[in-house]
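Two complexes come next, and they have one chain in common, chain A, joined by chain B in the first and chain C in the second.
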Partner chain A sequence: MHMYLHEEVLKQMKHLKSFNKKAKMLDAAVSQGDVEEVVAMQSVVGCTSVNDPGWEVDPFGGLGSLCQPMESDLYGCADACWWPAQVPDTMSSHPNWSQDVAKADEDWRKIDAIFPESE
Partner chain B sequence: MKNHSMKRVIRFGGAVAFLGLASTASAIDGPQIIKENCLLCHSETGNAEAPFSRISQQRKTPEGWQTTINRMKSQRGLSLKPEHERVLIKYLADHQGLAPAETADLRYVLERQPNVVEQNVPEHVAGTCTGCHSSARSGLQRRTTDEWQKLIHFHMGQVPTIEYLAGHRDRPWFQIALNETAVKMGEGYPLQTQAWSDWKAKPKAALNGQWAVSGFVPDKGEFTAVMSVMPNQKDNYITLINGHYADGSKLTGSGSATVFTGYEWRGAIVIDGRKMRQVFAASEDGKQMAGRMYLKNDEVMGGRVLAEKADKAATLVSVTPSSIKQGASQTLIIAGANLSNKVSLGNGVKVEKVISQSADRLVVQVKADAKAAIGQRTLSVGKQTLENAVAVYDQVARVEITPTESIARIGGNGGPIPKRKSTYRAVGYAAGADGKPGTEDDLSLGYLPATWSLKAFDEVAEHDNDLKYAGSIDAKGIFTPGDAGLNPERKMSTNNVGNLAVVGTVKDGANSVSGEAHLLVTVQDFVKELIQ
Partner chain C sequence: MKLSKSFKPARLLGTAMTSLALLGTGLSAQAATDEYLLTVTRPNQLHVIDTKTDKLLRSCDVPGTFGNGGVAPSPDGKIAYVMTNKWEDVVGFDISNCKIVFSMSQSTPKEQVKSIISMAISADGKELYTVQNPVTLHKDHFETQQPRLAVYNTADGMDAKPVRTFPVDRRITKLGYIEATNEVILGGGDVKAINAKTGKIRTLAKLQNWDRSPEGWVPPDAFQMHTIGEHIGEYIMPYFTIKWNGAPGDMEKAEFLWGMTRIDTKTGELTSGEVLPFEFIVFNWLTDPNDSDIVYGAFNTLSKHNIKEGKTLKVHNMPHTYYNINMLQDGSKIYVGGTSSDISVHDPETLEKIGSIQLSGDMSTSDMRIAKVQR
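Entry: the complex of A and B
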């Protein structure tokens, strides 16, 4: 019933480790312990605490290290399934999310949220 | 695989609250619906105690069951008639739900309370399971260890990057989750508990009758009301509500509610033309309900509700405000039904007059002597009493703004996702016997009226001019964030996000006392969930 990742996908995943320059800088600059402490303090229910970079909050509890404007990196986030509870992951759960909108920074008004399905 | 993901019939909040509207009576029962719809993929175990694979080995809330069924439909290809879905969720929540004691500490996610920072997250969950969603999402489930482990496998399959996320990739996340977290969950949150077998065996109180209610909605303020609850079908009620806002204006509404698991009240009600949702828990004896009521289309706009079964008996629910300054006159609004008008707050506090009395409230004017003893007072109305109801104080020494940590999300501006606001209230404290604010013996004065302003939270926010772009706060303490989209006026066309401090200022005679809360105005949430 449970299909695990193909080798191919796994390789791509490894690549994600250095997905973002800021994340690298962060890894180098701050010890994990410090980061976790900041994040634990800042985490409001509904926000992700995956923070390299973060979605709502950066590892320092501010906004300065987020991808901004958000639209310019939106699909990178969705593909990588980085924050699946905040940005629909198009890799497995929501392959068709915003498929008609090629450029998020131009056509952001066409991008809707995923809603809990009811009838 | 069918893709329903973009289909949006009822907005966020619709799915379960919708159950409150509709009948769950049906010719076909839960087990039959499972047999006819689920056995394509699930199997019969042959064990009468737990007849269906993956289904009979878990317990969860109505919202929890709805989430799983939604996934069966959107990800697995299940198709289920809407009326059968309602019957099934009711059946599952009733027969495989959680006992009142099992949900008591985690109701904030069911109530959609905004700006919660979770406390007491179990050690094996913190860091391993809190990266994406609340700890309450798992705390509101009970499973066999095997089922907790299957949940880990499900995460690995559904979110393939899970091992590679920050905080996960530096350790063997999967092994830890499977062999440590899931095992601890099986011990701490097992399928079989005493609380659940006791609750299942207990006769459940019917909730029809008259309820005396008090509550709060940020844009309207405090209110009092009488809610009439009339039986419709089994566990399904029609509701009528009538009352007053604090300023005396009238409140009226009607709706319906379904009760799951014998105590989980889910109501849909229209009050003064606005669609609202009620997520309440009834007490085990069925004499009290507590929870949150919020606007269906703007869930941040809501507040606590307390209801006491009144019928014909004198019932005292609450009083606002909950403090009075030495030497001052004060109007008190007492929520309750069938009350006498004999009000007392003890020595040194005189009832000057009864201003009005109606079915839902008693309004009185009281005056505290300049030398009235400082401290919490018991309110008595006839034979009814409320302890620690009103504090007599000398001066406001300290103000706390709640919530202390908060977020708002940009939205609107022609896009489909509305702004997510954030609302604030000021709680006052007197210094207490030691004369020092911020110590153990501070005297809580409850919510106090305040004026509101914003400022940059730090130097970065100051430098980026966040105050100009991120939003504004009104006289009621309601913050409305800025517009969605790129803002070419800002560096790199940054969104209208910002790092702000919310300042609430309380006037106390000639003094002003302020408190601050942190507000991060951030980006949208593109995934709406029934349990965050």
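Entry: the complex of A and C
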């Protein structure tokens, strides 16, 4: 699944014009073939580097091999920055998130969501 | 996908150490050793548990924000080194009284340094190793730098600084130490070892870069969290692969397989290969001290397997997910922990639950290590 997404992104990039310096560098890297291939879950490496399907489906296409219940897995995902899009990342961006909630399965009602600071 | 019950391991593990040898060395050491279970919970406490009674002896407050809960006991079992403060700092505790005897901070105002799981202690207890992943914090952007092995003298005490650093690969997580060669094991895309005096690196086992044809195999996906195997002096790391018995991508003929890389941390002897059909997820394997052909795994189940025969012997359903597993050196009890706030105690023979240890907070990704203290 990860390779499919990667190729789709590259395809879409052909129709986009680079706007800033970083985008131009990325564009140049893509055209030169310098962008590294995405490697799925080869090892745990912190924020945004793990390309894992998430909580939606397990390797067998079912639900039985997902972490259960999700409260048991919540801090394991936040502290390791495993799915920073789904769970606040306590490794870098939100270190104080839910520090007052020691047990997620008992006190899940006290766990807050994260909102952009500007809103 | 074919989940064959009659799977025959292609490359068997466990021939290096006989069961008899394990049993013999274990018995003499056990008589004079007290074993303590060490783990860390949120908000940030190190817990010391007496494995004779499975009671909590003491809880030590760890400075800083919770990190990954990494714990590395000193070889004499008296000091527990804990990774804390967002995966950046290490603090050493005397586990008999919670006194802090060692500390180091890796980040500076201009450079953020995280260690992803990676922490180990030398066999003589004199050196502590981390793999540092530095990022220079410029005013308008971050710049990733070369990862490095950092060597600390444990005798330097508080606010210790690295005495040596050496460049290493990216994506290194789980570390170990080989006593015979004085090398640090680097668990990453491949398994390598580095001489911590000279920085010389050698490859122990290829995983990401293995030599097998992509027409026949999918490159292994290794999971490298939690240090496992110290109860018998092992570094053990599972991996997952797919064997294409037909065309690549033909799931009807494919075999999903568990493999493992297992290193004797005393001699450095290594075995690596497929051992079991992939029937369900485990986060780690753990070797039975009395029979190296028997391994246990934990996740949503606690399971027992014979890797010589490639068979699953028993499966016990767990009430919730656990990341971590460990056991006593005489093989009398299995501890299953991580994720939530309870450690589940099990009989290795039947896998039935025989006890529970309740903690004050969630273990999250924490290690669950055994400290062996000579009487």
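Throughout what follows, the second predicted complex is superposed on the first by the 64 of 119 C-alpha atoms of A that agree within 3 Å, B and C clash if a C-alpha of one lies under 4 Å from a C-alpha of the other, contacts with A are read in each partner's own complex, and residues count from 1 in each chain.
Criterion: a contact is a pair of C-beta atoms (placed from the backbone, for glycine too) under 8 Å apart; a residue touches a chain by one contact, two chains touch by 3 or more.
All figures in this text were calculated on a predicted structure; none of them were measured in a lab.
In the superposition on chain A, contact of A:76 is made with chain C only, not with chain B. Partner contacting the larger number of chain A residues, of chain B and chain C: B. Of the two partner chains, chain C is the only one that A:65 touches; chain B does not reach it. In the superposition on chain A, A:96 makes contact with both chain B and chain C. By the document's definition of touching, of the two partners only chain B reaches A:111; chain C does not.
In the superposition on chain A, A:87 contacts chain B only, with no contact to chain C. Residue overlap on chain A between the chain B contacts of one complex and the chain C contacts of the other covers 40, 42-46, 49, 64, 68-69, 71, 80, 91-92, 95-96, 105.
Of all the residues in chain B, the ones that touch chain A in their complex are 3-12, 14-15, 18, 66-67, 70, 73-75, 82, 85, 108-109, 114-118, 126-127, 130-134, 136, 153-154, 156-161, 163-167, 169-170, 405-407, 409, 413-417, 457-458, 460-461, 484-487, 492-495, 497-499, 520, 522-530, 532. By the touch criterion stated above, chain A contacts chain C in their complex at residues 39-46, 49, 58-60, 64-65, 67-69, 71-73, 75-76, 78-80, 90-92, 95-96, 99-100, 102-106.
Here chain C touches chain A in the complex through residues 1, 41-43, 65-69, 86-87, 112, 114, 116-117, 133, 170-173, 187-189, 207-208, 221-225, 256, 278, 280-281, 299-300, 320-323, 338-341, 360-362, 364-365, going by the rule given at the top. Those residues of chain A whose C-beta lies close enough to touch chain B in the complex are 2-5, 9, 13-14, 16-17, 23, 32, 36, 40, 42-52, 55-57, 62-64, 66, 68-71, 80-89, 91-97, 105, 108-119.
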